[in-house]
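Chain nomenclature is as follows: A, B and C, assigned in order of appearance, with residue numbering initiated at 1 for each chain independently.
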Amino acid sequence: MHIVVCIKQVPDSAQIRVHPVTNTIMRQGVPTIINPYDLFALEEALRLRDRLGGTVTVLTMGPPMAEDSLRKALGIGADRGVLLTDRFFAGSDTLATSFALSQAILKIGETWGVPEVVFTGKQTIDGDTAQVGPGIARRLGLQQLTYVSAISEVDLAGKSITVSRRAEGGVQELKTALPALITMLEGSNEVRRGSIGDVLRGARAELVTWNAAAAGITEMGNCGLRGSPTVVKRVFAPKARATKAVPIETRERDAETIAEDIIAQLYATQPALEAELLRTAAGY
Amino acid sequence: MGTAPTPAAPSRAGMKKELPERFKSYKHVWVFIEYEHGEIHPVSLELLGEGRKLANKLGVELAGVLLGGNRAALQEAAVQVWEHDADLVYICADPVLEHYRNEPYTKVMTDLVNTYQPEIFLLGATVLGRDLAGAVATTLLTGLTADCTELAIDDEGSLAATRPTFGGSLLCTIHTLNFRPQMATIRPRVMAMPPSAPGKKGRIIEHAAGLHEIDIITKVLRFIPDRDSNKAQLAYADIVVAGGMGLRSPENLQLVRALASVLGGEWGGSRPLVQKGWMDADRQIGQTGKTIRPKVYIAAGISGAIQHRVGVEGADTIIAINTDRNAPIFDFAHFAVVGNAIEILPALTDAFRKRLSVNRLAG
Amino acid sequence: MATVQERFDAIVVGAGPAGNAAAYTMAKAGLKVLQLERGEYPGSKNVQGAILYADALEKIIPDFREDAPLERHVIEQRIWMMDDSSHTGMHYRSEDFNEEKPNRYTIIRAQFDRWFSSQVREAGGIVLCETTVTELVKDTKGNVIGVLTDRHGGPLLADVVVMAEGVNGLVGQRSGLRDELKPDNVALAVKEMHFLPQEVIESRFNLKGDAGVVIEAMGTITKGMTGTGFLYTNKESVSIGIGCIVSDMSKSGIKPYNLLDSFKSHPSIAPLIAGSEVKEYVAHLIPEGGFRAMPEIYGNGWIVAGDAAHLVNAVHREGSNLAMTSGRLAGETIVWLKRRREPCTSVNLAEYKKRLEDSFVLKDMRKYQKIPALLHGNRQLLDLYPRMMSGIAQTWLRVDGKAKTAKESEIFKSVRKQRGLAGLVADGLRFARAWR
């Protein structure tokens, strides 16, 4: 079985700061990580491989330094890493990204065998759109299974797969045909730690690096800025609230007095609230 | 691998804003009405309120789009859509559409768009909405802006969709140039619920799906509904009490639960509580959790990081309890209680309990 | 899980300045080097800013200035003696420091360590992160032959293990090669990064371009404990911190972050960081026991460099340069032995110690060997003197209608009252002797 996992290298947004004056991102010292949601996809792929045999190819599109994320994925246990990098991809929105990735997946299929399953994470923490997975599925005509929490059955001979999928208000159990694209729900598995042999292999592996041409992409108009229907017009900081919080005196007061004060102030701002609370309370 | 839909759009017109001739006929604002298990998802009604403003600004019509398995049920649901100020409702009833599945829904939605040509198309950023929006936008090869927090029409009459970026530290405004429809998803509770006008009527346009179950590859084997009792109804609660790392131990989360229960509200918390395993992920409030819009939000021991802030800013009144007077939460709270939540929460619970039960006896 | 069969020429534990210097030196010379770092990436545990001394790095990577992530080169040094409301200071600023190859830079360790590590990789070293060395592996004769890690599939074998694991030296400790750290010999430093726009930093510190300022501070800010505070300007941030000897801290019961808070709110410091956004709070130990606190630094199949070897010059606040130099010398010693086809036995590795003795590293360590004990036993140096100097300055500078002769005698009297002439002379002598 051949499985492709799309992973993205993202800045660790917990550590991003905004320049207070210019509102630009201060990238100083901000480390990059594999998009945390993608690790659940990777782990699920490795489990399928371990169970059914085959190989896992990780694919990322990004600048040359995105190579680090591939090595990391190899260190966790993936078999092969493909880096898709070209300055023509710069400025891609989700539509252009899904185009480039889907073309690379076709090329991966030609080179190492057509994948039965393509995985992506649920969403990225920088783009945060959850659109690239569905985009790839549409472009490749794959069955689209988003927010999958468990894969219960894979029938390679019958080319079918059964999964549990988080839906509105419940869990759907779906059965569909392979090949399929799965976006994995977070928390659905626990990402393994590669053995010392895995990390050594990851550190030394020869990665496959493709530019647009090498990936067989000819329609450059579908890539990068040119292939992106959306444009970012303006970036700005959330505006601060005009009025500061009203302080409720706490110094040298006991908790009971503070509590009474809070309630008094709250009822004063929302005159209808007391009656509503009473109604709710009476409903018990 | 399957057959790839031919990437149309032979040449992207680039950054220049010049709507191609074929899109000039695209008019009107659409809202996808999420209808499942006999109910309309509230987010769709919230979006009708937002869609109304956009339609008025543009001087065009507002339409809801309803897909489902049962024609009569959809017609009934359409009334609610009219009452939330839609001028018309597109209905597509087909047994194939009984349960949401990506393939038939995407097919029908793209047909509808290609046939009736809306200029703006809004969907709720729910599990369903996101699954559908990504597939539809890619099939139509148009732009899609996810998780918007603000929608506006710019001077040239195009949609300016604002959303958080870089982990919520910044906002950005995104335009879809040269393509139609301009698509956007919006999370539940980000927009206020508009009032409804009972009795208001509108038009219905029915559309035939032309689908056959046999052609649909994905089958729903089972649907296991969430057991409601266990589920947090956070997003739609009027009162929410939440705790953060300032509670210092998982046991103290009980203080939050107690207050919420006395107030008849819901409880939740900041993300680290989920990460530490103190509570379930569906109680997380914030950018990667739930967005809430309660009348009262009480935040105990929460610092007020930007990712938390974006999830609670819509609350009418925010009361923050924090030992650190410089905590960022005081920048957006309405009432600042600089003190120890572990002491103040029980006192508040007692005080409310007394008032609410004493008065009940009196009344 | 299959075990790793191959054998490395050297395994380096840690990817701080010492480990990177050692790994780079050996990889560059063609040795098969494996470096193990427990952090998510090199420097991930070291978010703070710091001072880089160019010379030590130049000896390893001569043209590092071309691509190393450097913040500002230092053109001004301020040394402040602080009491509760004032500081008396010495500032030295010179245009000469705006030279073509500046001597000192501020850096941000997270970025710098990462860059240094990328150089190791480019030189052919293998660097594995998120991999913690748990203990050394010894053969039956007690010679170190490799390491075990917290991942499946060990052990990893090598001819020599370079321990550059930093101040805690846990690997060495666990393997019985060294004693536990003594609270008297380590300082606990806490540090924060404060973000400020570049223009603000430049105007507050009177800077242009890439030039920077360093402030070292001592006095009542350490509340009677032995320690110092510091502030470094980076491009778009200021690193600020304070550290005290651990035994003092535990005696006084003062919490490190309270100490930092009060340092930050000192009227001489507060305006420098006003309006900033705090990014990261870190606490870290510094080995400050000096030469006398050094553990064994080599043995059969192992060698120690950097903080793990306790190589820090607390008086001059130098650490990373000693770390890099000791790392380089450790690497060079191993390369030298390899070339001569000699094994890394204790006898042969004595060459490392010899090279350290010949360099500034052990010369400086020896020169200042008495200072830690002196400071520790004579707290007045850090508490009384700043107060006295501030008092003197104030009496002298305040124009209040008193005759200058009266002021002079007031100053003289107050000095005698506070320390006594004999005490003053004794302090002076003690200090001079320790310095020598």
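Side notes on the structure shown:
Please note the rule applied: a residue touches a chain if its C-beta (ideal position, glycine included) is under 8 Å from a C-beta of that chain, and two chains touch if they have at least 3 such contacts.
Every value quoted in this text rests on a predicted model; they were computed, and no experiment measured them.
A linear topology is adopted by the chain contact network, the touching chains following one after another without closure. Comparing chain pairs A-B and A-C, the larger number of C-beta contacts belongs to A-B. Note on chain placement: the centre of chain B and the centre of chain C lie 51 Å apart, centres being C-alpha means.
Centre-to-centre spacing of chain A and chain B amounts to 19 Å, using the average Cα coordinate of each chain. Distance from the chain A centre to the chain C centre is 39 Å, each centre being the mean of its Cα atoms. In chain A, the residues that reach two or more other chains under the touch definition are 17.
In chain B, no position touches at least two other chains. Residues 1-5, 7, 9-12, 14-15, 34, 36-37, 41, 99-103, 106, 126-128, 130-131, 133-135, 137-139, 141-147, 160, 164-179, 217-226, 238-239, 262-264, 281, 288, 295-296, 306, 309-310, 316-317, 319-320, 330-339, 343-344, 346-348, 350-352, 355-357, 359-360, 363 of chain B are the ones touching chain A in the complex. Chain A makes touch with chain B in their complex at residues 11, 13-14, 16-18, 23, 25, 93-95, 98-99, 102, 105-106, 109, 114-115, 125-126, 128-135, 137-147, 162, 166-177, 179, 186-187, 219, 221-222, 225-238, 240-241, 244-248, 250, 254-256, 258-260, 262-263, 265-266, 269-270, 273-274, 276-278, 280-284. Residues 15, 17, 19-22, 26, 28-29, 31, 33, 75, 193-200, 203-204 of chain A touch chain C in their complex. Chain contact summary for the complex, chain C toward chain A: residues 1-4, 34, 40-41, 44, 47, 108, 110-111, 114, 126-128, 130-131, 149, 151-154, 156, 193, 195-197, 199-200, 234-237, 275, 277, 279-280.
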